[in-house]
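By written order: A, B and C. Residues from 1 in each chain.
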Amino acid sequence: MSEPVSRREALKRLGATGAAVAAVSGTALWLHGRRPRGAAPEPYALPSWAVAKPASAPDLVVARGSPAASLVTAALEEMGGIQRFVQPGDVVLIKPNAAFDRPAWQGSTTNPDVLRAMVAACMDAGAREVLVTDNPIHVPEGCFRKTGLGKAAEDGGGSVWLPRKADFGPVALPDTVLDGWEVFLEPLKRATKVIGIAPVKDHNLSRASMTLKNWYGLLGGPRNRLHQKLDETIATLAGMVKPTLSVLDGTRILIRNGPTGGSPDDVIDGNVLAMGTDGVALDAFGATLLELGVADLTYLQMAEQWGHGASDWMALDTREVTV
Amino acid sequence: MGRVILLLLATALGAFIVAGGRTGPSSLVAQEAPQVVTPFPITSPAGWPRGAIEHYDVDGLFEKINGKADAYIVFDVIDLTFAGYANPQDPSVYVDVYIYDMAEPLNAYGIYRVQRSGQEEAVDAGAEACRAGSAFFGRKGSHYVEVVGSAGSATTEARAVLGAVLDALPAAKEPVRDPAWFPDEGRTRILYARTNALGVESLGDAFLARYADGVRAAVARFASAEEAEAARAEAVETYEFLGTPAHFEAADKLVVGALGSKDPERLKALVAAILAKIKEGL
Amino acid sequence: MRIANVRVVSQVFFLLLFFACLYMATAPRISGFPTSIFLEADPLVAVAVTMATGQLYHIGATGLALGVILLVATMILGRIFCGWICPMGTLQHFVHWLGFSRTAKARLEGNAYRKWYWLKYVILIGFLVAAAFQILQIGLLDPIALISRSFTDAIFPVIDHGLRLLGLGGIAPSQTPVYAGAWFIGIVFAAFLLMSLVIPRFFCRALCPLGALMGVFSRFAVWRIHRDPGTCTGCNLCLKGCEGASDPHATLRLSECMVCMNCVEDCPHGSISFKFLPPQESAKPWPDLSGRRAVLAGLGGAILFPSVRRAGATVPLSGTPGWIRPPGSHPEADFLARCIKCDACIHSCPTNVLQPAGLEAGFEGLWTPILDMRVGYCDITCTLCGYVCPTGAIQRLTPDQRAGEAERPDGTDGPVQIGTASYDRGRCLPWAMDTPCVVCEEVCPTSPKAIWNKKETVVGRDGQERVMQRPYVDPKLCVGCGICEHECPIRGPAAIRVGSYIGTV
């Protein structure tokens, strides 16, 4: 027989065991039935970033001439000034088309001069920050470098937000093809104003890629599967994103071999830039630059049918300026 | 010793950093837009957009212009580039542009003269140009150009495109002009043949003249007097065999000939006149 | 400063420089950094690639001539590379410093010469004889290729992912790259490092063919370690820190000595020095390798040619390899005569399309770069892989040369074609399921596009007519970039796939 343990030692040892048991049980109880990691978060309903339109302000402005940056300035002025859209303290998210790792002259991406001017205008209006982002087809880092859009964003005083996996989450769009789809949410959640700047491009399947197709760059997930319902998807995007301002960049027009281009023969100098809040109207105007009509663009008809805009841009308060 | 090594390491680090400041692989930077070497304007003067530029080499020429290709091949055509402009409001109103690269100004001269009758309305563009209906033709340097407007609706635009295209094409160092050898009286056309002038195979590099009375005269050029004499003999023999009146004379490296009249004196006189003009020119 | 400490500074410096090269060797950081300099300065690469190709490759001013410079340095100073520079050696050194027993007895035993250290010479001879037959396998064990490959494929992604998890952003430009078979490359590397806990510098002493090459050339060294027998008491303390296991306490094995200078520092009597032209008899100049073993090693290398190359284990007997090489790569046999499996190209690839081959690229092709279009795609304006290639297995091209707009050194013209895409019409949506898609056409980067659509009226199962855009490939225009295969929405194997053949006939 060995010596019995002292009361003091027994208490100490039992206390240690008890604490360990309590810790394990407590942890188990705490974890029991919790939402597992990686479970889909709640779908997020995107707000509208549109601002009220002053009675005297136009719906759509078409600026013609060059250089590209002056078109932005002139069109903004005609629209009623950047102050109509951006107030001091705003976080402005600008979505150019940076889909491809290609130089700007190939016309497959937004003209960096247009982006730079727009970023600078927002900063001048007192924006707290200007975020420039896209979820491109090619490797994002290369896209923002070679297109010159990354440098343009920084020159203008903004910053580039490269997509990361954690930035994506499901969007709430009940009864549409995109309900629950992975969307590039984080920058959208942070933004108080959203501006899209889309080039005018030829596209085989949807016939044209302009301001509405530009929002495709906010989609994540296996978005190449959406091509099976491309027109429906683009029309849905017109309802998903209600931007503060949309810019149609026709300074260069990719007239064939879109949306990638690749040869100087595929691009013409358009020397035109349009601005408005209705993407449907802007795309209807842009169609004329590609020698298309609304009848050629199924997605445009769908978007109009679903009440996301008006394709008869000539019936709107449209103003022209020349630089 | 240790200090020397540490110094070497510091130098290596410096060299590494300096090297890093140099330009790296060129694929990381956006390439410059290539200078487009095409005489086709992006839009026509009226702003009609250009369609795709099509390109045909000698072998592919038949695809575009079918049987007409042979005439170009005789003149050593290199390739054809084609582009069309259409009125955006009405695609049935268009201008099509064919640019033939003929390798040498003489070939461009030759094909232009063969294709045109000489009766067309002259147009002031390039080295030489003319109009037939809503189609325009011109040559400049070693290029031959056809600009075809849609009938009746695109004449003005076709004329403007012709001017733009010919302006953009390079001129020859020594433009080809009509030689002054052929008497003017009754002359209808001057042509140029690479080979087979007056139906004689060895008569090459020849200027030809046609006269209203059906007489045809040629001045063929050779590398040496011997070759010229041999070609003259062949020509004489050929026409003696055929029994057709013809007259050929060799003069240094030239052979001058005429045929197309039943009167041998007419032919002899024409050849003599041409020879006299050539001597005068020398 | 004590000379052994200077050596430690040098080792740390070159290890950090090696890491810096790796860090810089991705777009867009690379700019002008000579990131492949360790590979170019590797004498074994210079010797073996030159034997396999008949040319001392260079691009620009230096290239593999750097390796010759290092070989010349070895002939004057001995294996300074091993003790002072080699990052693979330094890592092993570090591991055994961390974990190897610190008792004097264990260290004396650990650093004793073992007679099977001749193994590395056998490996060297085998590899070099094989290289003379255009079979270049030095990359399997060359320490620079090995460490470059291991860090690229196995360690770099782990660090990158870890940094991203910690919210510090990654090292790779966009997302953490993944590499097929990286686990195996990692295990081999870890095994070599961990062996240093059993025997210090196990890899260097027993296996390293570069060390062996330098061991042979250090025979001419004019400076070397010299023990003065007059003052030596035979305490054997010089062996305590001997990195090369080169018997400094007895007759120095010159071919094994890594010039680490520990013996000079450790000798309590000052009997050991690094001396200019010491007496011949204080060192054994040649490696401890019997002639018979050398001959057997040579035969082993030579037999690789008939058994591997000719027997179709490398290039299939059909003549067309089933795998795709990076743009600018030499034809397969010439490629294999140059590729040292360093995977610098794989590391530089911005889209992750380059993958280290397992055995799917043949026996010789192990760990050489092949393209997996489901993982990435080949950006048609990118030429980074050729830019970083130290041996020219992938030629260095400019984007213009790749596009066929400028002349290429090998005289080929037109855009560089690495393969040709073709449709699997049984799986393609517009072809097999009357479903619109043509993502492939959308992303096709050439102008005009190699993929084009034909509108075709089809009658469905329900008897209804509909107009489908069905895609076709124009093999004359297809460059094999694989973005169509990469973007194809079909699960499993894509409905359009790039084959290594060029064109159709």
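Definition applied: a residue touches a chain if its C-beta (ideal position, glycine included) is under 8 Å from a C-beta of that chain, and two chains touch if they have at least 3 such contacts.
What you see is a predicted model, and the numbers here were worked out from it, not measured in a lab.
Asks: Which chain's centre, taken as the mean of its Cα atoms, is farthest from the centre of chain A?
Replies: Centroid comparison gives B as the farthest chain from chain A.
Asks: If you tally the C-beta contacts, which comes out ahead, A-B or A-C?
Replies: A-C
Asks: I'd like the Å distance between the centres of chain B and chain C, where a centre is the mean of that chain's Cα atoms.
Replies: A distance of 57 Å separates the two centres.
Asks: Report the inter-centroid distance (CA atoms only) between chain A and chain B in whole Å.
Replies: Roughly 54 Å separates the two chain centres.
Asks: With centres defined as the mean C-alpha position, give me the chain A-chain C separation in Å.
Replies: Centres of chain A and chain C (C-alpha means) sit 41 Å apart.
Asks: Would you give the residues of chain A that are in contact with at least 2 other chains, written as numbers and ranges?
Replies: 102, 145-146, 265
Asks: Could you list which residues of chain C touch at least two other chains?
Replies: Residues 27-28, 381-382, 448 of chain C touch two or more partner chains.
Asks: Taking each residue of chain B in turn, which ones touch at least two of the other chains?
Replies: 28, 31, 34, 52 - these are the residues of chain B that touch more than one other chain.
Asks: Under the stated contact criterion, what part of chain A meets chain B in this complex?
Replies: Contacts found on chain A: 102-106, 145-148, 255-256, 264-265, 268-269, 291.
Asks: So in the complex, the part of chain B that touches chain A is made up of which residues?
Replies: Contact set of chain B toward chain A: 28-34, 36, 38, 42-43, 49-50, 52-53, 88.
Asks: Can you list the residues on chain A that touch chain C in the complex?
Replies: Residues in contact with chain C: 100-102, 137-142, 145-146, 162, 164-165, 203-205, 222, 224-225, 227-230, 257, 259-263, 265-266.
Asks: Along chain B, where are the residues that touch chain C in the complex?
Replies: Against chain C, chain B makes touches at 1-3, 5-6, 9, 12-13, 16, 19-28, 31, 34, 52.
Asks: Help me check something: in the complex, which residues belonging to chain C touch chain A?
Replies: 27-28, 164, 173-175, 350-351, 379, 381-382, 429, 435-439, 441-449, 453, 469, 487-489
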